[in-house]
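Look for chain A in each of the two complexes below; its partner is chain B in the first and chain C in the second.
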Partner chain A sequence: MLGKRTWVENGLLAAAIFVVVAFCLFPFVQILSTSLKHQFDWGNPSLIPVKLNWNAYGELLGIRSAEQVDVPDSVKRLLENPSISESQRRKILDRYQTTSDVFPFLRYFLNTFMLSASAAAVSLCLSVFGAYALSRLRFTGQTVIQRSILFVYMVGGVLLMVPLYQMSVKIGLAKSVGGSLVSLLLIYIIQTLPVSLYMLGNYFRTIPYALEEAAAMDGCSRVEAVFVIIIPLSVPMLMTVFVYCFIIAWNEFLFASVFLKQFHQWHTLPLALQTLFMSKNAIWDRIMAASMLTMIPVVVCFLFAMRNLTGGLAEGGVKE
Partner chain B sequence: MAGIRLENINKKFGKTEVLHQVNLEIGDGEFVVLVGPSGCGKSTLLRLVAGLEDITAGNIFIGDALMNRIEPQHRNIAMVFQNYALYPHKNVRENIIFGLKRAHAPKDVIESRLSKVVNILGLEDFLARKPAQLSGGQRQRVAMGRALVRDAKVFLFDEPLSNLDAKLRNQMRSEIRRIHREYQTTSVYVTHDQVEAMTLGERVVVIRDGYIEQQGTPMEIYLHPDNIFVATFIGAPSMNILDARLFDGYVELEGCKLVMENGTPGQHRELPKTGLPVKLGIRPDFFIDRRHAGDGEALAVIHNARIDLIEPLGFDKELDVQIGSQLMKVRLDLRTQATEGDTIDLCVDMRRTHLFDIDTGQRLQ
Partner chain C sequence: MDLSIAQRESRLGWRFIAPSVGVIGLLIIYPILYNIYLSFFDVKLTGDKLFIGLANYQRLLSDAAFYGAAITTVLYLVGTVVGSTIIGLMVALLMNMTFPFRNLVRTLILLPYFAPVISVVFGWQFIFDPVNGIYNHLVVDVLKISSSRHSLIGNPNSALGVVILFDIWKHFPLSYMLIISKLQSINKDQYEAAAMDGCGPIGRFVHVTLPELYFVLGTLMLLRMIWNLNKFEDVFLLAPNVETLPIFTYYAAFTGIIDQGFAASISVVQFGVLALLIYFYVKKVLKW
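And then the complex of A and B:
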């Protein structure tokens, strides 16, 4: 019979699903586990830490200060050398004693958040009107524009990286922090716009045109109808598009690594993670905790988007 | 309130011309029904009045104001759509008062108008519901309410009842009549249903292929159709159009000599009356079983019509009848005892019949 399974089949199916899910989740569990382990525990293949270690999270979030690294004996001996000046001695000691540059997580988090949120917001605003125009209006060159928008998306980012950077250098944007951030913002907007336009355009097409005509009869201009009818009816899709743009910008590494290379203070999280990975502060629990914290907004966004993807807001207004 | 005047309206979609030189004047407070088969351009005409489509040529006046370049939102028109077009994210109350709010009407005006409309349409219990939680009939009433609540100059109805079942349709039809009696707003109503056209319209405009074929009161159109199209389109079952020959003083139909008592052929003297082929139009309702015909009436008789099929409809019986090689529909009252296969003599009042030109389909007169 259709749709009826025996318990064996059910069991096999469940096992198969478990294997796939476990395969996908394993790296994340590994990250979480390592971030909570003490140094002596790192070599242990078990996923459960022998003793929970919250220090890394505490440091990153600024709840507790980073542990001081002891000055090695060899360095101590070197410092006793009288030929070294006082300022040189300070410098050497500082390398071991200052903790401010361990990993200013909150700062990177804010950098990334501002950049991603503004890119997503601008992209969303542009794509609402762009998608409306593409799905509702008729104008010359429409098909060409529509196709070329998707075509842009087919070109890989790597190919564009060098020319884009050269462009921003030539117009002087790459010189300053602000200019670099603006170029990066523009790039994120352009990168996410095609898919936003596509998603929103298709969604707008499902909203009956008669609703806008009814709004016109009720005294709305076309633009007003977009605000009063189209946007309220598209809220779930708008949120989805926002989340999509946000995640793309949040995770972006390639362009950020080029444009923000010289501006350490303005690094985004993916970039900072990579720096952390290669710095003297590269301690496993710290790296993993930072990765974990970087992931959280993405996970939250996904959960949020999933809740809103049910749709069905436009039902009931029009007899099909 | 205001009248509507359409002057030489032309509408093209790309290269297809769907309305040709339409002229129509609708009086202040009049209820006009545009009726025609689907694709005849009646909805397009309505949408031109609403401003939802641009006219290709011609002028539209509402009141005395030229509307050609006025955006729909500034025409002060209320429209009821075929598919309701309710705002799905707003509840019934918000749907109804949306237009008033857009116009920044004062709160007390909104409330009083709302309660009046809600009262008329019986929507008291549904104000907080969303359109998705309403039945088809209720949605239709909300759509009506949205139009009524506004102090619009003109009401436009685009086949508002076509999505309802037969019973609801009858009910809403009477409701629309009552509402118009109360509001007396100039109304244009589009339908393909000739029953709606007959029952609702103070004036009926029959449209075919973008031309106005005839306009007049429902009874004028029913009793004096200008051509075969109007004759067959209006009235159900539709008029029988039969091949006949016209002689001086009578029409010959399949060997039966149907004398025209008030001398109709005499009215078109220019025609040769010796056997001119014509189309004879007789409505099924105008036949009488000879056995039940009164003596005083001067009726023409069609002899020996053979009954193919009888469909009893309660008070009436609808018969498919064959005379010679031609088939026709006949509607007789329930006294008729004839059964299928019988022959029957049918009486016709020739003053109620029409002769049409065999080529042009125009009525001969």
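And then the complex of A and C:
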């Protein structure tokens, strides 16, 4: 900071940086290494596999998948009949799959992706208008609403698990697959809505008001101004918020375990991975490979949204 | 339409915010109140209810397991809040220096925070695995501190330590990020001035850096406390035998002898503590 460092100081600095980076990355390296090792190699402390083992990845990515293997053609035709309800179809399918021990990774990946993307999209749509109202418009009751949003933003899902479960039991949603998925989607929306309102609200305030006034001069209404001025100017931030909500939903375990435990076909990745880990003893290569594959989309999203995300985080727009 | 401009604006505001308010009201505010209501009932998983007054709370207050969970929670909170803040501060000071590949290093150390819990948890499981893990290899075979291999995560007492370490690892990057963004805004002249007054590096840290960081450090600790009081995944997925309050509640609500009314009463108590912390946070820290 002041003056030049001596070479001793440089050495110490390099050592300290090495320690920090090693501490941060060691578990990741361990996961990658174990996912590529054969069973005989697991106990070997070296991180470099003696012999590379790609089987775990191959298996997970559907080189051999459960669904196409066992179901006979006649049953497939039966399933295509539109008069069969979803639950019946499920039952028939399940009969052919109970014996398989294959982990349908792509299926779980898709489940998780659909749920997270829909939740993030709905949350983003709601919050664009909500955040605009909070940051740009004056209306009665505004203060109360702002305070409440800040408050619920901090309330974690754990406190809501019993009442939300009971509510969905009461209106009959928890009984069926569809109902459970709807409940879960709604829960992911509310887990991300307050934080997106907060992040977007803060961002909209940085857009100069004069731009909207100019648009008003040209005959734009307020509603049009949102579409013409606010949304185009916020595209990077909207993407960041979307990614952030997506990651929150992608990682969620608690509610997925409450609502989807009994519907194996509809497990999300976190739930499926935990079930895999609990049900069979130490098939480490497969567990680690699945962990890697679950992590990659998040890391990609993160690298993509990094610039805006870390800026937003520093301003307090975070949710865990 | 002969509404005033202000009235029209107010209407539009309501139209815009109404969907969000509706969703939040129905699925957050109402459940919080419904949870309090449920805590006075004996609630079955099927939704059947029987009013039992304060019995759930009486049971809670005489339940040794509840006090055990409360103590575990306090230990967990102290360990993670202090640990993640101190490590975050140290790393921020380190990353504030200039060195080659600084941007790469800064990105890499954020990974633990952004990686999904479910993925990294298995890496940690493996490190402490009694048969294959590197921890036991180091302790037993290399350093010969212990003569037999132990499952650190299998034993609830040592598992708490592992959970705390894991949590610090997972969350210090956030502390680091918030601290370094504040560090970078400190005026360099202040350091020059302190150096002229004869302050060494430690003196400069104590007299210049720390006072500037008080607010952000306080914020971080409060925030970490609020979040970790609610933390479920990080603890449950790594070591299901470490019963902090959220995990204790989960077991009461969904496993073994299911008693959702009792679980609701634990949540109410936890919510009381949380509401107090959030009140501080909203009042002191957050601004729109």
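The rule is short, and it goes like this: the second predicted complex is superposed on the first by the 250 of 320 C-alpha atoms of A that agree within 3 Å, B and C clash if a C-alpha of one lies under 4 Å from a C-alpha of the other, contacts with A are read in each partner's own complex, and residues count from 1 in each chain.
One rule holds in what follows: a contact is a pair of C-beta atoms (placed from the backbone, for glycine too) under 8 Å apart; a residue touches a chain by one contact, two chains touch by 3 or more.
Since the model is a prediction, treat every value here as computed from it, not as a measurement.
J.: Where does A:T294 make contact in the superposed view: on chain B (first), on chain C (second), on both, or on neither?
T.: second
J.: What is the contact status of A:G130 with respect to chain B (first) and chain C (second): first, second, both, or neither?
T.: Touch status of A:G130: second partner only.
J.: Comparing chain C with chain B, which touches more residues belonging to chain A?
T.: Between chain B and chain C, C touches the greater number of residues in chain A.
J.: Please indicate which partner A:E213 is in contact with in the superposed arrangement: first for chain B, second for chain C, both, or neither.
T.: first
J.: Could you say whether A:A15 touches chain B, chain C, both of them, or neither, answering first, second, both or neither?
T.: Neither partner.
J.: Figure out whether A:T140 sits in contact with chain B (first) or chain C (second), or with both, or with neither.
T.: After superposing on A, A:T140 lies in contact with chain C but is clear of chain B.
J.: Touching A:L233, do we find chain B (first), chain C (second), both, or neither?
T.: First partner only.
J.: Show which residues of chain A both chain B and chain C reach, each in its own complex.
T.: The overlap between the chain B and chain C interfaces on chain A comprises residues 313-314, 316, 318, 320.
J.: Flag every residue of chain A that touches chain C in the complex, lowest number first.
T.: 1-2, 13-14, 16-17, 20-21, 23-28, 30-31, 34, 42-43, 45, 126-127, 129-130, 132-135, 137-140, 142, 145-152, 154-167, 169-170, 186-187, 189-190, 193-194, 197-198, 201-202, 205, 222-223, 247, 250-254, 258, 269-270, 273-274, 277, 282, 284, 287-288, 291-292, 294-295, 298-299, 302-303, 306, 310, 313-314, 316, 318, 320
J.: Where on chain B is chain A touching in the complex?
T.: Of all residues in chain B, those touching chain A are 50-52, 71-73, 77-79, 81-89, 98-99, 102-103, 130-134, 136, 139, 146, 150, 163.
J.: Mind listing the chain C positions that touch chain A in their complex?
T.: Per the stated touch rule, the residues are 6, 9-14, 16-17, 19-21, 23-24, 27-32, 34-35, 38, 43, 45-47, 91, 94, 97, 99, 105, 107-112, 114-120, 122-127, 129, 131-132, 134, 137-138, 169, 173-174, 177-178, 181, 188, 191-192, 195, 219, 223, 226-227, 229-233, 236-237, 246, 249-250, 253-254, 260, 263-264, 267, 270-271, 274, 278, 281-282, 285-286, 288.
J.: Using the touch rule from the top, collect the residues of chain A that touch chain B in their complex.
T.: Against chain B, chain A makes touches at 208, 210-211, 213-221, 224, 229, 232-233, 313-320.
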